[in-house]
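Shared between the two complexes below is chain A, which has chain B as its partner in the first and chain C in the second.
Take a look at the complex of A and B:
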């Protein structure tokens, strides 16, 4: 699963792979338009619905947060 | 010190273009000697403007109430430039008419075409091949003021509303940086829009195709409609709906795929999109 997520990130925002901070948005690594693309691909890849309430900066602060979000949704 | 009548600059808006505008006027502050403030009227989940304000020491005001915001502007006494970038607050006529206040606004279409709300959506829905951005002076009428600058871009055949909106914001940032000095020096040769009195104004409650399509519609038209309302998880528009086997269903997501990606799944339909592609639509009951 993690590998697939990293592939999606690599496609839309390669800088996210090496980012080790805790606010990709504020640090200019990822913008809201890229988040939309990432969300769309995650939904397709894992056949999950990522509700708008989960599409917040906290869940996209770094790659680990994105992996944790997908894991949580798959576990639901 | 650069010459300008503006002693105060106020930026209002949200999103990517607002951040770019804010950064530029912050960089230029010392050259002109104006005071700078930012107003957040609509809260956006991924807004970076508060962080920019924090880092640059720019006073940040969160004023979500319209009356409170109008009262804030009403107290302005000195020569002031208000920069409205991705902002949906309508400036009252009493403010617009004040001689010591100049307001400029970014509109995400080539005015006088597509005035009002959600222009990128309407541009895609109408099948336009080209669109662009306009910076204009604000008058009492919505999107009616004289044009400061415009920039054009192509509308790609697969582009979605949020992608086009982002591209337009980039263009707007570029145009703003190019013309800011002219605005500050009050030497813009602004162009009248020259529109008909009866031009269509796009309202926030209007939805392309009234949010509905038929499965017998051309797949290209369905694809265009779906792209036109696609702002990701931002619920600017309700989900598009159609009738299937006598029941109403809503579109959850869609994608243009190659035929080899076709998989028979529950709640998924495929429509032919030209000779080498399919429109995959995932749906659920309303």
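Take a look at the complex of A and C:
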């Protein structure tokens, strides 16, 4: 799963893979359009629905947070 | 009530003294009373609309929280995943209906107050003289700001970002907090509540830092913005045909700086006042004119409004049922470009609303559409930029960076003509003057000094803009200017502090009786 998420991130925002901070959205690494495209691909890939309530800086602060979000939604 | 007025100075001083004298648990109520007083004195009336919004916000928050708790209890009765999903969907629809009623009610109030005056002729033609009351409707102070703030609270409670507030007075304080109620920044409840309920101890250094920021804001407002405003008002106030394109260009460039100095000056003052109460307001500006693209510009200008629209309009639309359907249909049909359909519609909606939020004229709507189109086109072409750069052998470096910055200034410049002009006809005439009678020489003739600013004013503007640029460059390097100055020898420190105070007192633009001009964003 993690590998697939990293592939999606690589396709849309390669900088996210090397980013080691914890505020990817505020630091301008990932903008809102990229977030939307990443969300769309994650939904298609894992057959999940990512509601707007999950699209917050905390869940997109780095690649680990995105992996954790997908894991949480898969477990629900 | 202006932040730069005697009555505000008295209110601030009294609130400040009381704040640190009363028992710590009562501090938030001192802020509440001060906020109501600020509102009552500013409006010369009771804040009816604010309290209505406050009551609806409080009630809706409590209702949503109860519904969410019921939903969690109800879910326990189902073991099957599909049944759980169906039950969740049903509860969600019920909650969203209530949220929708709440939002329509609040936006309805905002639209009523904002557009009552321009709806008057139509209403009178439909209903006769009975509709005349619309002409007397006065827009409540800060309604554009507290309405969006209130909506963010209700949506966040519905999204379970935090629990609903049980104390009605805290909700009212959140909406009416006096440093930010008239022009923002837009605050988020979880950040503010934590600070409101915390016990605050007086600290001399913090008070000084707050006052320093306030004075810096006053410097931007009184010395820069209001001085630039004299020239801008005069140039835009005369018949377009009688002014050369270069003078209009100069006035528009001045307007770009005036708007920035005025609004960021207000934010500095509001943040400074708030800092003396040990309450931090979110950043609203990060040196936007250093941006290398329009998207970056809007991430640095009025940041809290941009984040509001992103979180509550853009994401809500794209991830709604209709947004997803549009996205899927277009993606299947056109793949690459098609997948951007929903974000583009979301962007256009955001910018149309941003334009309408800022002003009631057609110019503001066009201004919003203009930015929406630019953002959308950049999104569609984004994947091709790298190829074009390679094709034209463009290398990243200072020159390319400066070119991109200048390109951003030009785009903002053209947009600002739309919102500063009195009418679309005037805006058209000004655009035409750029193309047909630029007359660059006008900038070096006496024509320039015939619009309210003398040679001394231009020289002073040059110096104060240089000071502002130096401070901005320091901030851009990541320095906190107040900390930077505090570490300097006492002589340098005092020259800087008293130099700015002196500049404000001696060169600030004051009206009769030392009344300052109103802040520009207050009217939005």
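In this text, the second predicted complex is superposed on the first by the 76 of 76 C-alpha atoms of A that agree within 3 Å, B and C clash if a C-alpha of one lies under 4 Å from a C-alpha of the other, contacts with A are read in each partner's own complex, and residues count from 1 in each chain.
Methods note: a residue touches a chain if its C-beta (ideal position, glycine included) is under 8 Å from a C-beta of that chain, and two chains touch if they have at least 3 such contacts.
Since this is a predicted model, take the numbers as computed values, not measurements.
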- Which partner does A:7 contact after superposing on A: first (chain B), second (chain C), both, neither? neither
- When the two structures are overlaid on chain A, which partner does A:56 contact: first (chain B), second (chain C), both, or neither? both
- Query: After superposition on the shared chain, which partner residues are touched by A:36: those of chain B (first), chain C (second), both, or neither?
  - Reply: both
- Which partner, chain B or chain C, touches the larger number of chain A residues? B
- Query: Just which bits of chain A does chain B share with chain C as contact spots?
  - Reply: 28, 31-33, 35-36, 39-40, 50-52, 55-56
- In the complex, chain B residues that touch chain A: 15-16, 44-46, 48, 51, 162-163, 165-166, 231-235, 252-253, 255
- Task: Would you mind writing out the residues of chain A in touch with chain C in their complex?
- Result: 28, 31-33, 35-37, 39-40, 50-53, 55-56
- Message: Which stretch or stretches of chain C touch chain A in the complex?
- Response: 158-161, 295-296, 299, 310-311, 314-316, 318-320, 327, 331, 339-340, 342-343, 346, 379, 382
- Message: Help me check something: in the complex, which residues belonging to chain A touch chain B?
- Response: 25-26, 28, 31-33, 35-36, 39-40, 43-44, 49-52, 55-57
